[in-house]
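We just call them A, B and C in the order they show up, numbering each chain from 1.
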Amino acid sequence: MLYWLHWIDLAGVAVFAIAGTLMAYKKHMDGFGVVVLASVTAVGGGTLRDMILDLPVFWVQDPSFFYVITAAAAVTILWLRRKETFPLKYLLFADAIGLAFFNVMGLQKALTYGASPFIAIILGTMTGVFGGLIRDVICREIPLVLKGELYATTCILGGAGYILCSTFGSSIPVAMFVAFSLTLSLRLAAMKWGWALPVFNPHDKITDE
Amino acid sequence: MLYWLHWIDLAGVAVFAIAGTLMAYKKHMDGFGVVVLASVTAVGGGTLRDMILDLPVFWVQDPSFFYVITAAAAVTILWLRRKETFPLKYLLFADAIGLAFFNVMGLQKALTYGASPFIAIILGTMTGVFGGLIRDVICREIPLVLKGELYATTCILGGAGYILCSTFGSSIPVAMFVAFSLTLSLRLAAMKWGWALPVFNPHDKITDE
Amino acid sequence: MLYWLHWIDLAGVAVFAIAGTLMAYKKHMDGFGVVVLASVTAVGGGTLRDMILDLPVFWVQDPSFFYVITAAAAVTILWLRRKETFPLKYLLFADAIGLAFFNVMGLQKALTYGASPFIAIILGTMTGVFGGLIRDVICREIPLVLKGELYATTCILGGAGYILCSTFGSSIPVAMFVAFSLTLSLRLAAMKWGWALPVFNPHDKITDE
């Protein structure tokens, strides 16, 4: 495994821990539960990825991930105690960065361990999406991934960008950088301009019985 | 592993993908999140089963499952865009078929890999129930499995039917067919006639403090 | 693996099954779904622990756990049918005992299979917290672990007690007993006197947009 991938994993864990802490703050949670929520958000996607790939779970032999989560949560808490307001967009922004990091990491790890490109794109998307999905389900929010705005789609397009780059002979770091930038910029654009992918006819009627 | 089991798994995945798409429609979701919800519903139970049995997760080496999910979701979306109404019973019906398919598959796979009959019945039930449970939790519905109507019970009785058949010397396909029919017909009957298994006294009072 | 650890696992499973059944009762659930909820609560934490440690899941080769769950749920149901009232504190009390049992078991199992003390404390906390977390998420309650009162913190302090004891040369049973007592008494004290760990400034304002 490439040595610097570890740092990307750590970075993804840190931003998702921040996103989890912000959500805990938004939902008026308190106590150590904040760190639990930050941890679930931060390691949820990667844990699922490793269990599905039947690899040792990435944080079990390496305590540094939980040091990073604790530090990220602590800094966020201190910052929130100073500031008296908290714009929701910070949460969405941290979530977008975490999404892009984890998408790339999941994709790269799946490819490294022999998954086909198609399955690697799915595992990347799953890694990116799952931590935030658990966070939202635990907090009883409608998961971001299920709202109309582009979310999982940005991971799939970012992953496709990676596969395209490596097909045309890019080195792994370049392909990863392209996938990261593509996922992040698509997600930010979707947030800014409300890009969506409507699949249902808005005039449909539902008869519940 | 028997060759045609693959087709049963694909069929179960397809109907649960339809059930997931219908639920997404019912909850006014949109975008690619619909396919995410369809996928979670469709592969959730089998993924948990394989992780618990410590086997390679069934879809990792085989992209066909996601082709089937995408196709099933696409057809359902197109159909929903044509029809202007959507009776809830279609969702319950697709869910019942998926339940029966996955119950049988989970049971068969657990037995194939050496689980005892008792544990195999539990793993079958878990495979059948879990995808729909995640779907309902994500969508903030009361999970079908926790409502009064027979649900998990039908899986257990279907599984018991399998064990009984194979005890009396049936071949595997016959036992699987019996278990499938038993689970499905019990579940449909429970839906039609409201069969339930009351365990609590309806006149109980709860003091919350 | 030490022989009597099995009994501790069984005891933890039994009290969490009771807690799951009480929650099902509180939420007016019925049918076999009650047993499903009891099972999820009882085996959820340990299943996750074993999947993360990449060990065979503890109940797959041993049906006794599900006999215990069924028996515990049945006794609780009979008791609830007799009594006409149900004080919520019974649920919280069963949950506290299960939390302490599973914390110790998770910690011990992680150490036995070579985890570092730090990771073992996290895995113990996860084992203790996760079953109840799933139970609360499925029942659409705010998870106990995310409320302000000490919850995950008691597991961490209990785990730290274990590590301290074994550093000073205690035998494993003594260290386990200390960790169990510490976790349980801290949790009960937190419930009685509302001990909390406030991390956010209560006067903060949130701007949602």
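Going forward, a contact is a pair of C-beta atoms (placed from the backbone, for glycine too) under 8 Å apart; a residue touches a chain by one contact, two chains touch by 3 or more.
Since the structure is predicted, the reported quantities are computational estimates derived from the model, not experimental observations.
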item	value
Chain-level touch network, classified as line, ring, star, complete or other	complete
Angle of rotation relating chain A to chain B [CA atoms, steps of 5 degrees]	120
Proportion of interface numbers common to chain A and chain C (over half same, under half different)	different
Chain centre separation in whole Å, for chain C relative to chain A (CA means)	28
Sites on chain A at which at least two other chains make contact	51, 137, 140
Parts of chain B lying in touch with chain A, wherever the complex brings them together	24-27, 29-37, 47, 51, 54, 56-57, 59-61, 63, 66, 77, 80-81, 84-88, 137-140
Residues of chain A touching chain B in the complex	51-54, 115-116, 118-119, 122-123, 129, 133, 137, 140, 142-143, 145-153, 156, 196-201, 203-209
